[in-house]
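These are the structures, in C-alpha cells.
Look at the two complexes coming up: chain A is in both, with chain B in one and chain C in the other.
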Partner chain A sequence: MATATYVEEQRSTDKTALITGSEAIAVACKLADVDVITAYPIRPYDTVMQYICKLVANGEMDCEYIVAEGEHSQFEIVKHASACGARVFCGSSGVGWMYAMEALTVTPALRIPMVAMVGNRALDDPGAFGVEHNDALTVRDLGWQLVWVDSAQEALDTALIAYRVSEDRRIFLPCAISCDGAFLTHSQALVKVPSQEKVNEFLPRYNRADLLLHPDNPITVAPQGNEDWVMEIRRQNYAAMERSSLVLKEAYADFERIFGRSYGNPFFEEYETEDADIVLMGMGTLSTPVKVAIRQMRKAGKRVGFVRMRWFRPFAAAELAKSLGRFKAVGVIDRDYSFGSPYMSGVLTTEVRSALYSAPGSKPPVLGFIAGLGGREVTVPDVEKVANSVYEAADGKSQPLTQWIGLRE
Partner chain B sequence: MATYIQIDPTQKLDPFKSVKKLPLEEYFTSGHRTCQGCESALVMKMMAKAAGPRSIILGSTGCMYVANTTYYSTSWVVPWMHTQLGSSGSAALGTSAALKVLMRKGKIKNEPINVIAFCGDGGGADMGVGAISATLTHAEYNSLILMYDNESYANTDIQLSGSTPWGANTTFSSPGKVKRIMHRRWKKNMAGMMAAGHPECKYVATICMSYGLHGMNSIRKALAIGGPTFIHSLDPCPKGWDYDPYLSHEMGELAVNSGVWPLYEVENGLLRLTGRTEQIAAGKIRRVPVRDYLLKQGRFAHFTNDDIDYFQSKIDDMWEKWLIPGVIPFRRDVEADTPPSS
Partner chain C sequence: MTILDVTNPVEPFLRTDRMPHIWCPGCGIGTTVNCFARALIESKIDLQSLALVSGIGCTGRVAGYVKLDSFHTTHGRAIPFATGLKLANPKLNVIVYSGDGDLSAIGGNHLIHAARRNIDLKVICVNNLIYAMTGGQTAPTTPGHAITSTSPYGTCEPAFNLPHLVEAAGAVYVARWTTFHVKQLARSIGEAFQKKGFSFIEVISPCPTLYQRRNKLGDGLDTMKYYKEKSKVKHGAPTSEVGLTMTGEIIVGKFVDRDRPDYQSLLHAQMVESLGESYVEPSETVCSCS
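Now for the complex of A and B:
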C-alpha cells in the first residue's frame, strides 16, 4: 500500500528538474505517451532522440523507437504511423530538415497530425552547427503550424499544447517546435515537469475516427486528385489553418486552468511594451540578450520594449498589427535571410510589414535587421545599435530598411 | 536464450491449391484507368486476392498510383494509402510499427493485419532502394514490399530506370543517327541484392504474373512468414515495351523461358529456383533464344545482330558463369566485358 501511495503521489505531483530544451521535449513525449518515434542523427536536434532512447531503454516510456536511414524516411515512417492512429514524434535540424522536404510537404497536405522538433541550425554550405531559422521557415507555406520557444519550460509546455492542437479533429495539421540550436537545445534550466495526471486531463487520446487507416475502415487515402479536386482540398487545409488560432487559444486557456502556468497571449510575448516608444521583435532565444539590453537601456531612460513572436504559423496578423500600432517604430531582428525578398529583408520582417500594411490604424515604420546567423552571438551592444537605429526612424530620420548587425567588415 | 526480436503473429495463409480453388472475392476491382494489357494491374488484383480483407496496402507513386487510384473511383476494397515515390519501405515500416504498438497498448484490437507496400521499379530500384533496404533490416515489423517492375518510369512517359534492360529504347534513351545504344547500364539485380544484403529478411522472391498461382502463393508465403519480406515482380508493359497488348501474358512467359527473368525464392536463407526456372536449371527444358523475346518488343527494334548476341551472351553468363546462376553475379574467373560499339 505504501508503494502504491508513493506511486500515486509521484504521478500527481509536479517536479522540478534541471534539463535542457531537448530533454524537456523528450519528457513531454513521455508524458504524452507517444507511440512511434523515429530518429536520425544531425546536430543539434538529435539530443532529444538520445534522451528518448534512454527513456525507452529504462522502461520509462513504451513506444516504437525506430532509427531511420535518412530524414526522408524518418518523416515518412511517422506520417504513415499517424495515419494508422499512432501518436508520433520526429525532428531534425538544418539540411536534415531539408532532406525530409518531400515528406514535410505531404504530411500537412494529407492532414496528418505530427509533432516535430526543429533544432534550428544554419543550412549548408558552409557547414555550421549554430542557429539560423531558415530551416524551419522553409515549410511556412505548406500547412505546418510553426512555433518558436525560448526556454526549456516553454519547450515542454508547448510540446503538450502542440499535440493537443495538431490532433484536434478541427485541425489535423502537423506542428513543428523550433528550438534554437545550442542556445536552447543544449542549455539546461530548471523546468517544472507536470504530473502525468494533469497531462492526461489536458491531452485527450488521438482519435482519427473515420479517417483511420484500418481494415475495419477501408478507406482510400490520397488517391490521384488531378485538376478535378485539388483546389477544394487546398481550401480545406486553408480552413484548418484558419481554425488553428481558435483551437490554440482554447488549448492555452485549458493549459493555464490545468497546469496553473499562463503564457498570456499565445501568439506573441510582450516585454516592457506598456510605455514603450519603440519595440524590437524577434523569435527564439534572441529574447535573452534583447531583454538584458532593454533593462540597461531603460536605466538610461530609453523606453524600449520587445515583442517575441511565438507562433509564426498561424501568424496572428490582426492582433500583432493592433499591438504594434501603439509604437513609433518597430525593429525586427531576423535570425534568417531571404535573398531577393522585398527590401532584401529577413522572413519575419517581411511578414510583419505585410501584417501591418492591410491593418487599420497607425502603421509604424518597420526596420529589418539580420543578425546572429550561423549561431553568431547577438550581443547587448548589437541590440543597442538596433534600438538606436529604430529610434532614429521613430524621429523621422531615414534609415536603411535592412541592416546586417554584428557583421565583420 | 533471450528473445531480442518480438515478431507478432501473422495470418495463416496456406497456398492456393489451384486456379479453380481461388476465392471469388476481389479486393482490387473496377475504377482504375490502367492501359489495356497492363500486367501490373493484374499483379495488384492478384496481390490483393492473395492477401485478403484484413490487409492494409500502401502504394508508392507510379503507374499503380497515378493510373490506378483515382479520387472518387478507387479500385481498392481494402484500406489503401498513397506513399511517396521513394517511400515504400518507410510506409511499410511506419504502418507496421503503428499496428504493433497500438495493439500492444490495447488501443486497437490485437489481430494479425497484413501490411503491403508496393512500388514500381523507379520507386524501388532507383529512389526507394535505401528505404526498402532499411526496412528489410527491421526484423520485428511484419510487412511485404512488392516491387512491380515494368522496366521503366512508365507513367511519366517511359523513361529508363535502374531496372530497364540494356539498350532499350525509352524516351530518355532513344536511339539517334550517331548513337544507337543510349542506355548502356545493365539491369539491377534487386531481388538478389535484397536477399544477399539482408540476412534477417526471411523471404525474398521473384515472380511473374504470367504464372499467377505461383505469384499469389509467393505473396501468401511472404505475408505469413513474419518480419519484412520482398518480392520482385516482372510485369510486361505494352506501352513501355511497345508490343500489342494481347501479348502481355506471352511476353512474361518468354521472359522466364528465355532465362532473362529467373524465378526463385529465398526462404529463411534457403535458395530454391521455382516454376519454369527450376526446370531450366535442371536441364529439363532448354532456354528459348533471347532473340525471340527481344524482337517481339518495339523497344529493342533498333538492335543489330551484334546487340542481340551481346544480350544473349550476358544471359548465358548469368546461367553459366554466375556463382549462383540467375541469382548472385559473383564469379570464379575474371573476364572482360565487351559490349558492341554503340
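Now for the complex of A and C:
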C-alpha cells in the first residue's frame, strides 16, 4: 500500500528539477509516454538519446529504443512505427539531419506526426560542433512545423505541445523542436516538471483511426501518385499547415488552463516592446545576450525591444506584421545564412520582410544581421552595434541591408 | 649531433603544426598512424601517388594529421569517395583510414559493395568497439554485454565480426591485429600495398576514456597487457571463428590472402570483349597543379 501511495504521489505532484535542455526533452518524452524512439549519435543531439536510454534501461520509461545504423534508417524506423499507431520521437543535428533528408521529406508528405529534436549545429564543412540554424531550416518548405525554444522549461513544454498539435487529426504533420547546440542542449536550469496526471489531461492518446496501418485495416501507404494526384495531395498538406496556427492556439490555451503557466502569444515572444522605438529579432538562445544588452541600453535611455520568433512554421505573418508596425525600425539577427537570397540576408530576415510587404499599415525598415555562426558567441557589444545601426535606419539614414556581426578582420 | 637534432623517423609524415592531436591518453589511434608511417617507409611507396581518405570520428581525424594528400569526408562516405579517386586515377594508391562506426554502421553498405566489386582500395579500420567521438554509444561492433552510454546495463545486440563480413563480401586480403602488434600491423599494411584488390586490415584499439572505463577494463596500459595475454596469432584462421567478446581471446593474424580480378580489370576486359579493337583506353589523368 505504501508503494502504491508513493507512486500515486509521484503521478500527481509537480516537481522542480535542475536539468539541461536535452534532459528536458527526454523528460517530456517520458511524460508523453512515447512508444518508439530511435537514435544515432551526433553531437549535440546525442545528449537527449543518452538521457532517454537511461530512463528506458532503468525501467522509468516503457518504450522501444534502438540505436540505428545511421540517421537515414533512424528516421525511417520511427516514420513507419508512427504509421502503425505508435507515438514516436527522433532527432539529430547538423549533417546528421541532412543525411536523413529523404526520410524527412516523406514524413510530412505521408502525414506522419513525428516529433523530432534538432540540436542545432553548423553544417559541414568546415566541421564545427557549434550552433547554426541552417540544419533545421532545410525542411521549412516541406510541411514540418518548426519551433525554436530558448530555455529548458520551454523545451519540455513545447515538446508536449508538439505532440498534442502534430497528432491532432486536423494536422497530422511532423514537428521539429530546435534547441541551440551547447547553449541550450548542455546548459542546466531549474525546470518545473508537471505531474503525469496533468500531462494525461493535456495530451490525448495518438489515434490514427482509419489511417492506421494494421492487418485489420488494410490500406496502402505511399502508393505512386504521378501527375494524377500530386497537386491535390500537396494541397491537403497546405491546408493542414494552414490549420496548424489555429490548433496551436487551442493547445497553448489548454496548456495555460491545465498547467497554470502561459506563454502569451504562442508564435513569438515580445520583450520590452511596449514603449520601444526599435526592436531586434532572433530565434533561440540569442535571446540571452539580446535581453541583457537591452536592459543595459535602456539604462542609457535607449528604448529598444526584442521579438523572439518561436514558431517559424507556421509563420504568423499577419500577427507579426501588426506588431512590428508599431516600431520605427527592425533589426533581425540570423544565426543562419542564405547565400544568394534577396539582399543576401539570412532566412529569418527575408521572411520578416516578406511578412511586412503585403501587410496593411506601417512598414518599418528591416535590417538583416548575420551573427553567431558555428557557435560563435553573440556578445552584448555585438547586440549594441546592431541596435545602433537600427537606430540610424530609424532616423532615416541609409544602412546596409545585410551586415555580418562579430566577423574576425 | 645533440639529442635535439634527432628526428623521429615518422615525423616527416605528420603535420606537426596540427599537434597536439585530439586523441586521449592511452588511445590506440596514434599507434596505428605510427605503424602506417613505418609501412610507408618500409615499402618505399611514392608518396606522390598516395591518397588517404577518412570518414568521421576519432579515427577520421587521421586525414588531418598526415602530411599526405588526404580528404576528411562526410560520415560513412570514405569508401565511395575513395572509389571515385581510384576510378578517376587508377594509378593512385588509395588508403581508406577510418573507424568501426564510420565504416561498418553508417557506411556499412559501402564497405560490402566495395569488397564485392573488389575495388583496389586498402582499408585500415581502427576498431575501438564503440562510437567514441560522440560519447561512447553502442556500435555494430560492440561486444555483447558491454556497457556503453546507450546500454547502461550492457548491450544485447550481436556484433559484427568484420573480417568475416568482408571476406564473405569478397575482400582479397583480410588481416587483424591489435595496437600491441605494432610490427605485425606495419608488415600487414605493407603487404596490402602490394595487393591488387580490396584489402581490409582491422586494428583492435583501446578507448580508455569511454569503453575501457565504463566496462572497468582498466587504462590504456591494462589494455595493452590484455592484448598481449589474450591475443592468439592464427594465420589463415576461418574468419567465422574470429568474433570478439569483451574479455575473451582475440584471434589475430592474416586470415585471407587470395587473388581475383579487381573491378578495373573486369571493366577493362568487358570493354575489350564488347568493343574489340575500337576500344580506346581512357587517357591518364594528369594533375595540372605545380
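Criterion: the second predicted complex is superposed on the first by the 408 of 409 C-alpha atoms of A that agree within 3 Å, B and C clash if a C-alpha of one lies under 4 Å from a C-alpha of the other, contacts with A are read in each partner's own complex, and residues count from 1 in each chain.
Note that in this section a contact is a pair of C-beta atoms (placed from the backbone, for glycine too) under 8 Å apart; a residue touches a chain by one contact, two chains touch by 3 or more.
The structure displayed is predicted, hence computed values, not measured ones.
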Query: Which term applies to chain B and chain C once both are placed on chain A by superposition, clash or fit?
result: clash
- prompt: On chain A, which partner's contacts cover more residues, chain B's or chain C's?
  reply: B
Task: Once the structures are superposed on A, label A:14 by its partner contacts, choosing first (chain B), second (chain C), both or neither.
output: neither
Task: For A:50, decide between first (touching chain B), second (touching chain C), both and neither.
output: second
- prompt: Of the two partner chains, chain B (first) and chain C (second), which one does A:42 touch, if any: first, second, both, or neither?
  reply: second
Query: Should A:224 be classified as contacting the first partner (chain B), the second (chain C), both, or neither?
result: first
Message: If we overlay the two complexes on their shared chain A, which of chain B and chain C does A:70 touch? Say first, second, both or neither.
response: both
Message: Once chain A of both complexes is superposed, is A:60 in touch with chain B (first), chain C (second), both, or neither?
response: neither
Query: When the two structures are overlaid on chain A, which partner does A:83 contact: first (chain B), second (chain C), both, or neither?
result: first
Message: Using the superposition on chain A as set up above, list the residues of chain A that contact both chain B and chain C.
response: 69-70
- request: Please give the residue numbers of chain A that touch chain B in the complex, ascending.
  value: 33, 35-36, 38, 62-64, 66, 68-70, 72-73, 76-86, 102-103, 106, 205, 213-215, 217-226, 228-229
Message: Applying the document's contact rule, which stretches of chain B touch chain A when the two form their complex?
response: 53-56, 58, 65-67, 69-72, 74, 76-84, 86-87, 89-91, 93-95, 97-102, 104-105, 107-108, 113, 130-131, 133-134, 138
Query: Can you list the chain C residues touching chain A in their complex?
result: 56, 72, 74-76, 105-106, 108, 131, 134-135, 137-138, 140, 149-153
Task: Flag every residue of chain A that touches chain C in the complex, lowest number first.
output: 39-43, 46-47, 49-50, 53-54, 57-58, 67, 69-71, 95-96, 99, 124, 127
